[in-house]
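As written, the chains take the letters A, B and C, and residue 1 is the first residue of each chain.
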Amino acid sequence: MTLAATLDRPSKTLRSLRAQGPLVQNITNFVAMDLAANTLLAVGASPAMVHAPQEAAEFATVAGALTVNLGTMDSHWVASAEAAAKAAVAAGRPWVLDPVAVGATGFRRDNAARLLACKPTVVRGNASEIMTLAGLSGAEGKGVDSSVGSDAAVEAAQRLAEQSGAVVVVTGALDHVSDGTRYAFCANSHEMMTRITASGCALTALTGACLAVEPDPLAAALHALAIYGVAAEKAAARARGPGSLRMNLLDELYRLDADDLDLAVRLG
Amino acid sequence: MTLAATLDRPSKTLRSLRAQGPLVQNITNFVAMDLAANTLLAVGASPAMVHAPQEAAEFATVAGALTVNLGTMDSHWVASAEAAAKAAVAAGRPWVLDPVAVGATGFRRDNAARLLACKPTVVRGNASEIMTLAGLSGAEGKGVDSSVGSDAAVEAAQRLAEQSGAVVVVTGALDHVSDGTRYAFCANSHEMMTRITASGCALTALTGACLAVEPDPLAAALHALAIYGVAAEKAAARARGPGSLRMNLLDELYRLDADDLDLAVRLG
Amino acid sequence: MTLAATLDRPSKTLRSLRAQGPLVQNITNFVAMDLAANTLLAVGASPAMVHAPQEAAEFATVAGALTVNLGTMDSHWVASAEAAAKAAVAAGRPWVLDPVAVGATGFRRDNAARLLACKPTVVRGNASEIMTLAGLSGAEGKGVDSSVGSDAAVEAAQRLAEQSGAVVVVTGALDHVSDGTRYAFCANSHEMMTRITASGCALTALTGACLAVEPDPLAAALHALAIYGVAAEKAAARARGPGSLRMNLLDELYRLDADDLDLAVRLG
C-alpha cells in the first residue's frame, strides 16, 4: 500500500509545532506529568497541567488541544476530565483519550466508558487497552503493560474507530493508526522505550500537540508517532540504558531536523 | 547603579546553605515536585513536600522556610497552603508565593488573592503573572508561559511590592527584584531553561532555601537567582538539549564553587 | 559472622526479577512516583501506581507485591492503602511499608500506626523513622532526613521486627536487616545517593519486586539492598553530581550483570 502524499511528510507538522507553539492542556497521571510536559516543551509546544474541577473546562476552551490520561484517576478528576472533554468538543477543539490499563479494574472500565462517550478525536493505547475498549475478550493486560503484540489489535483498532468515530492508535513494536476507513502504520521506535515509565503517556501529549496544528486527525496522530519514533531511535543510539535514553529522547526531540525526519521515518 | 556591597556576594548565601542545610517545606504542583526537591538537595538544603490539611500548618512552624506554588491546586490544597502560610508568618518564618498562570482562570486569580493576603515574604513569577497580580491589564499569559518579556514588568514588580509588602521577583531573560524601595537585577540565565518544565518552580524552592539562611529577603531572592542562573549557564555549556540541560543543572548546583559564583555572577 | 549460604547470592533474585517481570503495585508519594516506576522498569519488573479507593484493594489481589509509602499522604489515600494492605495479606501477597518522616507530625504517626497494624511483610526506613516506630524517643528526624546514623537503629530494628512480625530494614551508610531472629547487613551504597530525592522510596519499590519473586522476606530485602547498592556504586563512579547519578542509576540497574553483582556485593 502506498501512503497518501498528505501523510508521508511529518516534517510539515513538526515545523507547524515549532512555529505555532500550541498550548496543550493535559489531565494526566502523576507518573507522567514530568515527562509529558518536558516532551511538549522539547518539541516546541506549551504544556499546561490543568485538572481542578473549578477550571478544567474553562481552560479547555482556551487550549489548542486537550489530552486525558486515565492512569491515576480519582473520582473527582474523572468528572473534571469529562467536563473538560465536553467543553473542548463544544469549542471545536480536538482531544485525545489514553485509557491506561483499562482492563485492570472495574473503575478503569467505567472511567474509560464515560470518557469514550465524550467523543475523543483520537484514542491511543497499547494492544490490550484497545482490544478491551473494542469489546474483544481475552486481552486483559498485566497492569499497565500489554499482554499481546500491537499487530493483534489492528482489527480492534478499526472496529473501535468505527464504533467511536475517533482515530485509533495502537502502539507497540509497530504502531497502527485507523480512522475506520484509512489505515497507516509507523515502524519507527525502539524496544528500550518500554523500560521508561510514561513513554506512552508522553506520546499521547505529543499527539495532542500535533492535533492542535494539523486538521486531519489521522495525519496528526501518525506524525506524532513519526516524530516520537525517530527521536527515540536517535536517542537509543546514544543510550547506555533507560536513564540516558530518557534524557536523550528530550534532547533529540529538541534537536530533530525536519528534513532528517522525513528521511528517517518509516511509514506505510 | 552600583549594587550595595551586601548584595553582590551570593557566595555567602551559598556557603550558608551548605553549612546549615535548611529544611524547606514545599506545597507545590505535581509537575514540579521532582525537580524542586532535587534542586534543593543538590544545593545542600533539605526538602519536604508537606501539604496535607492535617499537617501542613504544623510542619510550617518547624521548617526554615515555606514555598507555595499554585500550579496544580485543588481546593483543599489551597486551604492547606493558606493555613501553612499563616502558621509560618505567626512563627516568624519566611515564605514564597509562586502564582503559576494566575491570569489563566478565575480559580487561579482567587487562589492567588487568598494567598497574597497571607503576607508572603517573596512573590516570584514571570512578567504576565506579576502584571496580573499588580492589577495591570493586557498581560494575560498563554497558559503557564509569559506573553511579554520580563522588562515590561519592572514597574509592576515595584507596584506589587508596595501593595503587598513582599519582595517581588520577575524572571525572564533578565531577572528583576524589587522590595518597593530597592531594585536589583540578575543577568545570569540561559534561554534553553524555558524548555524544562518546572524550572521556575524549582527556583521558587531555592528562593525559599535562601530565605531560610539570609535575613534580608531582597538579598536572599537575588542570591537564589544568582546561584540558579550561574548553574544554568554552566549546565547549558555542556548540554545537547533540554534533557541533558536538566541533568547538568543538578550536577552544577551540586558542584558550584562559591568563589567561582562571585566571579561569574552578573548583578546590578 | 558468616552469612547463610541462601542469603549471599543476590544474583538469584536479580535473575528471577528479569525472568518473571513481577507486577508491583505502589501507593507512593508524588515525588517518588517517577523514580520508583523507572527503577522497577530498569530492573525488569512492571510497576503500577494504583491508589484510588475504588480500585486499590481490587488491584492488590492481582499484583505480585504491594508497596505503601507515607510520604505525601492525604486522608483518603491512607484509607486506600489500608484496604489494599488488608487485601494483599488476605490474598497471601507480600507488602512493604515505608514510613516517610513518621516522626515529623502527628498525622504521620497515626498513619504509620494504622498501616503497621495491617501486618507489613517488610518495613523500610532510615534510622530516625525506625527508632520512632519502635517507640524509642529522642530520634526525631529533621523532615524526611534522619538525624542519626543507621548503626544507632540496629537495636530498634530488632525490637520493631519482634513487635510487628515484619522484616525491618534500616538504610544509611550501612544498611541493616533484621527479622527479630536473623540479622544481616549490606555495605554497598554511595553517599551522594542522599542528594537524590526519593532514592529511599525507589528502594522500597525494588524491595516489593524482590518480595514478589523470593519467598524468604529477609533474603528479598537484603537482595534489594544489594542490587540497589551495587548499581549505585557503579552509577556514582561515572557521575559528576546528583543529576547524572540519578540517570546512571537507572542505566546500571538495567545493565547489571548477575555474576558481577555477586562479586561486587558486600554482605554480612
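The definition used in the following text is that contacts are C-beta pairs under 8 Å (C-beta built on N, C-alpha and C of every residue); 3 or more make two chains touch, one makes a residue touch a chain.
What you see is a predicted model, and the numbers here were worked out from it, not measured in a lab.
If the chains shown are joined wherever they touch, the resulting network links each chain directly to all the rest.
Matching the C-alpha atoms of chain B with those of chain C calls for a turn of 120 degrees, to the nearest 5. The geometric centre of chain A is 33 Å away from that of chain C, both derived from CA atoms.
Annotation for chain A: residues touching 2 or more other chains are 30, 34, 246-247. Residue ranges on chain A touching chain C, taken from their complex, read 29-31, 34-35, 71-75, 101, 104-108, 142-145, 194-198, 239-244, 246-247. Remark: chain A residues 23, 25, 30, 33-34, 37-38, 41-42, 46-52, 54-55, 58-59, 62-63, 246-255 touch chain B in the complex.
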